[in-house]
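Presented below are the structures under discussion, each in the form of structure tokens.
Next come two complexes built around chain A: one with chain B, the other with chain C.
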Partner chain A sequence: MSGNSEIKDRYLKLYKDNIERISGNSSPYINFFREAAFEKFKTLGVPSKKDEAYKYTNLDTFFEHDYKSYFMPAPSDFKKAEEFRCDVPDLDTHGIILLNGFYPTIYDKLRQLPSGVWIGSLNEAAIKFPDKIEKHYGKYAQSETDGLIHLNTSLASDGVFVYVPEGVTLTKPVQVVNLVQSEEDMFNQHRNLVIVEKNAEISLIVCDHTLSPQKFLTNAVTEVFVGENSHFDIIRVQNEHNNACKITHTFIHQEKESVTSSNNITLHGGLIRNSTYHYLGGEKAESYSYGLFLTDKWQHVDNYVNVDHAFPNCTSNQLFKGVLDDMSTGAFAGRILVRKDAQGTNAYQKNNNILLTDDARMFTKPQLEIYADDVKCSHGATIGQLDDDALFYLRSRGINKRDARLMLMFGFAHELIKNIKIEPLRDRMDNLVMQRLKGELSRCASCLVKCDNLQNK
Partner chain B sequence: MLVINNLKASIEGKNILKGVNLEIKPGEIHAIMGPNGSGKSTLASVLAGRDLVKVTEGSVTYFGKNLLEMSAEDRAKEGIFLGFQYPIEIPGVSMVNFMKAAVNEQRKHKGLEPLSASDFLKMMREKKELVEIDSKLANRSVNEGFSGGEKKKNEIFQMAMLEPKLAILDETDSGLDIDALRVVANGVNKIKRPDNSFIVITHYQRLLDYIVPDVVHVLYDGRIVKTAGKELALELEEKGYDWIKKEVENNILA
Partner chain C sequence: MEKDQNKILSDVTSGEYKYGFYSDIETEQIPKGLSEEVIKVISKKKDEPDWLLEFRLKSYRHWLTLKMPAWAHLEIPPINYQDIIYYAAPRKKETLKSVDDIDPELKKTFDKLGISLEEQKHLAGVAVDAVMDSVSVKTTFRETLAELGIIFCSFSEAVKEYPELVKRYLGTVVPYTDNFFASLNSAVFSDGSFCYIPKGVRCPMELSTYFRINSANTGQFERTLLVADEESYVSYLEGCTAPMRDENQLHAAIVEIVVEKNAEVKYSTVQNWYPGSREGKGGIFNFVTKRGMCKGENSKISWTQVETGSAITWKYPSCVLRGDNSIGEFYSVAVTNNYQQADTGTKMIHVGKNTKSTIVSKGISAGRGQNSYRGLVKVLKNAAYARNFSQCDSLLLGDRCGAHTFPYLEVENQTAIVEHEATTSKIGEDQIFYCNQRGISTEDAIALIVNGYAREVLNKLPMEFAVEAQKLLQISLEGSIG
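On to the complex of A and B.
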């Protein structure tokens, strides 16, 4: 495993070279975690195929690469990003832009919306609201196996902060646009924290984009606290180029009677790994975990879900789908843990995949650990071609083969899109998925972002 | 309009159709009856262009053209419609989008402009009324979660939308309650014009009280072994198929 130790050395150097600069710009509480986290990373290393949870995903090519920079922004970067205006038709949101993982605004780094909700920079929030940060930061993103979570904790210094006070319903969604842009190959990390107090409600849209063709590696951690009887939805739309690797770890901690949903929609990307952790930490909590990916060429998309039923009478539901073209590959692993006291648990999991060619490959694996007796649990996975009977049915009505195939793929994907509650976004996604299936969506096609706005400046 | 000559076909190497001869003229209604597994649906599949069924011999001409050379979608555009014995559920594809695509493909084939959204919805509404289909069904995904009877009515609705020249209805009556049976039969009768034809595959003479056939055929073991007027259906209802099987065996022996 000399490869892996080489990788470790590389990141050891990265840490040594940057830790002072990073700590100098961060709050003491966030710095407080860094050293221990880095020790953990040194022990665990970068996940390899030997790790059960990364069995089908080879991160080496991205981690072995010598990135010219670990991104720390300069004032000019902030200026550039300040000029950026996201122009989204019909979609009315509170927008936040992250550039290479940083909140790229000089003034107004943290703003309060009329409803009392705070949105803005995590780094800034750590200074302004130390009590809130201390209560939640680093509490949910825990892992004894995944070194990348610790790598993030040891070096990340900014990201998005959202705070929804008790009893507040934010009707407009908050939209985070993650832009990655650099003149040279770059490794970057960011860290988000979302706190939803009791009886509150918010939805978050996260759009991941690459704006320049360099090789990028992004390792992002998001922690979400959802208080009693609150609602939280996160929709992540990924549209990145083939030379980008995006690794996301999202931890959703739920209190009793809360309801959350997570929907990862991967339209495009080189290597993508999304880990979503749902902790049902109170009675009658519900969590819905969805994911859809469309791949072609040499792309690889891996979704990992971990649902932890720690209290009685909770419900969880996972539905993940993939459409794989060319020689692309995909993986899904869904773990359901039902602890001894979690009686009355309902836990469901479904993973359906369509392979469009003989060379495309999909790996799927359920992992059920059930220690309670009164549990309703089901799981199922399919990997197959488009349904011939359905294809013939459509063709027998005069729809040509190509369109009939498109319709079936679209219908397959739409089963996930339809779970998006925000109507303009749902319509937009239907549209994008259709374009993607037709092969019309190039990496720079304006997704929710009009990339041209930025590139022309 | 349709001439089937000595048609032989197999599925996965198994011979199913063993020499079918049949001619259908414009305006005619043909009923095809016959025991389970005799090849009725296979014949319907061959006519609709399912490539799972391999034609090994014989010919089918449709308005003078070689039907067997045409793709399934072209046959549909040329006016062939198959009402499936087991309509397929297609989750995520809405009835509206499905029918819009089908109707506009057909219009394109005829050199017509696609229908505007409002004209299309108007057409949907009219046809729904014509075949008395619950209007909510048309807002759902294709056949998804439809009851058996609803699926069959949905086939008739699609037929009304597409106005075929030759409609093949494969057991559209089975699984229907008495009222639904009348709805389906009325639908057929409303769509019936002097120049379009029907092949009605059924096990029950009851349907033929509503849709009165010009001819009744019995398909047995891959061949049409008997052809007569509508009274044949009554006779079959009374006596079953044994006497036909005996006749066939005697013919072979003789």
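On to the complex of A and C.
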């Protein structure tokens, strides 16, 4: 699709130069997919605005750039990662830290938690549990149109593996901290696999941080299998600098009577694209998809959600909100697909956006595609500004304009934050959102990167 | 009203497409195929000035560079553009004395369709331009309208009599480069209606165009140009039918509307082209480009459409709200039954300040029909205080059909308020049960509920059309239940 052969050539070269090193590092089963995936990428290319799914997002500036891509980190690279401490108070988690998509040496690469849950490196897991990998790897991340997914399959070197055995409820969430730090501009891809067996429960927190001001491009694919009657929550907190481009694809496959939720909170980032695919592959499954983004300057955030109702009596709900300041742009594309025999489906979708300046732009595309008749589906989308009546109400009670606006915006954003079940994280998010709305850029306040000084826009 | 209902009932029971007859009228046709030569022949037949031929050729050359769009949610079988007759006209009989006399056979055809070409017999207050295949056969009430300065005639006559007006407005709203079918139409358009309402005139009667495809293997490519000058008002109706045939026939029309300061245009369509057989054989491909430009301040365009016919509908009547305080409205009911497919909706482009738009779309799918709403609301950077409200509801009757919604909202101004909401559901069993309890059969109950569902849109139609449309809804859904 992408007519830009120059970009393609760049990745062709990258593939040819490094495929041996990447393969040498991972298991044969994962390598087995690489060549076919790369062929697929060659025909599809990097998505451009001509692709319906990327209509409002231009990736060219990030993909045209020359990055250092390295597939074997040196131990000294991990120094920063070892020093990194999560700044959310009282958040008690099982931590995994990844630096540029690799595992630092401070922990075991793959470890078993007391409850029998395994967390750690996908490569290690592929050696230790080949049967599990063969059963799930590459089964859910399928796309006929998105070349980036295939690019990831062909080149991803490592990523996170989480395995929750049958009947296990993990009380503490698993936290994955993705750090990006490099002296040079860098392109990195990782591949995650989460397997939740029957009657199990787990929460996953994924935090994205950048630690140096260089230009970064991340293309990550996550596959999740959620077994019968299981619960799975994923919360993604994205807090990167203005020079970073983050593209995530999350595929959640649900078996019957399972419940999942996905929450993407984008506080900061240059260009962010989150694609979330929910596949309801069994009766009475429920899926909830949430997203919040706050943008300013030249940032661009694009949320894409696809909910596939393949079986009867499933429920899905989507809620996405955005607050856009300065010259930032936002996009939302949500699709509900109800297949032929998925009777008794309830599916809802809502997208609300607030534009704060005349230079901010928002594009939204909520879609319903329905082939069954006994369904209740609705969607709503709004783009507007703060409610004048509400503002007047607050001001008539002696609250000044600035505070009244803040309160309304905070209330607007809080509707999403409140869905976070982990209390310390929820409080922290409220806090960050408030700071962000006050203009004390939550990221920059505590950050030494000072990316804006280096930004070449 | 009671009489009406009885009539509806009998129509429902007898059902089927009632306009599917074919009139044996001697027609003049050119051979199949499309080339620069064919375009020159059409132009010559219509005795057109050079600038128009130039426009056609320019469009044709542009069309050659285009590919048929594939983005719509439709399955369109390949169309061989060389296998279509681009010009077919009922032959004028030499025995007729004056130009105003028309072939009795033609008259009979239109009588059968319920369109009277004789002024005195006609329902008071509707002027008709009747178009069969490639030409306009008769325009009624021309003189009465002319007294007020209103020009209402066929497009070909307008080209001869008012070339300046046509030249000034042709292609200003839908340029020949607009899209694949608009380019094709611009190259080969044969006839259509032209209407000009002068300054300050409120048109006293409904103007209407009736399109009829009669000949086999022909395509109909008509073009309507409607200009409402400052402070004027007009209500315009459009209806269409075609004979039942096993082959698909192509209809690719353009409607352009220009509305000046303080003027208002109401454009209503009841589209009832042959929808194809129950097995999905035959039917019209209805690929239409309709667009209105609210050029002046406080201008208003209101589109109302009832789409029950055609095998495939691809149609997006749009409004460009350029003047400050201008208003665009779109009300639509689209029905797809059996194997019909529809991808229809609107575009509202807010350019001026304080512009408002309303979209109400009601889709009804039955049988194996696929019904999509596709709409764009775009608020440009300088369109301060733009306001849009869209509502798209879909009703599903049967488990083999589909209803889809593809809205696009693009906002570049912070003062804009844009809202979109959509629902999809089937008729509640409790509602049917309620009716059954009161002695209303299931079939009638569904008709009742569907009419109530579409009421919001039907109310926007002029009275005569509303009754017609109500009947149509029932006939289109006949046999889709149980």
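Keep this in mind: the second predicted complex is superposed on the first by the 421 of 457 C-alpha atoms of A that agree within 3 Å, B and C clash if a C-alpha of one lies under 4 Å from a C-alpha of the other, contacts with A are read in each partner's own complex, and residues count from 1 in each chain.
In this section, a residue touches a chain if its C-beta (ideal position, glycine included) is under 8 Å from a C-beta of that chain, and two chains touch if they have at least 3 such contacts.
All of these numbers come straight from a predicted model, not from anything done at the bench.
For the composite obtained by superposing both complexes on chain A, the positions of chain B and chain C are free of clash and fit together. For the superposed model, the angle subtended at the Cα centre of chain A by chain B and chain C works out to 70 degrees in steps of 10.
Applying the stated contact rule after C-alpha superposition, one finds that A:D358 touches chain C and leaves chain B untouched. Shared-chain residue A:I370: touches chain C; no touch with chain B. When the two complexes are superposed, the chain touching more residues of chain A, out of chain B and chain C, is C. By the touch criterion defined above, A:F412 reaches chain B but does not reach chain C.
Of the two partner chains, chain C is the only one that A:G380 touches; chain B does not reach it. After overlaying the two complexes on the shared chain, residue contacts for A:G167 are found with neither chain B nor chain C. Of the two partner chains placed by superposition, only chain B is touched by A:K401; chain C is not.
In the superposition on chain A, contact is made by A:D388 with chain B only, not with chain C.
In the superposition on chain A, contact of A:P28 is made with neither chain B nor chain C.
Minimum Cα-Cα distance between chain B and chain C in the superposed model: 13 Å.
Once both structures are placed on chain A, no chain A residue is touched by chain B and, in the other complex, by chain C. Chain C makes touch with chain A in their complex at residues 71, 73, 379, 381, 394, 396-426. Chain B meets chain A in the complex at residues 48-50, 52, 71-73, 75-77, 81-82, 84, 87-88, 90-93, 97-99, 101-102, 105-106, 109, 141-142, 158, 162.
Against chain B, the residues of chain A that register as touching in their complex are 387-390, 392-401, 403-404, 407-408, 410-415, 418.
Chain A contributes residues 52, 340-341, 343, 353, 355-358, 360-385 to its touches with chain C in the complex.
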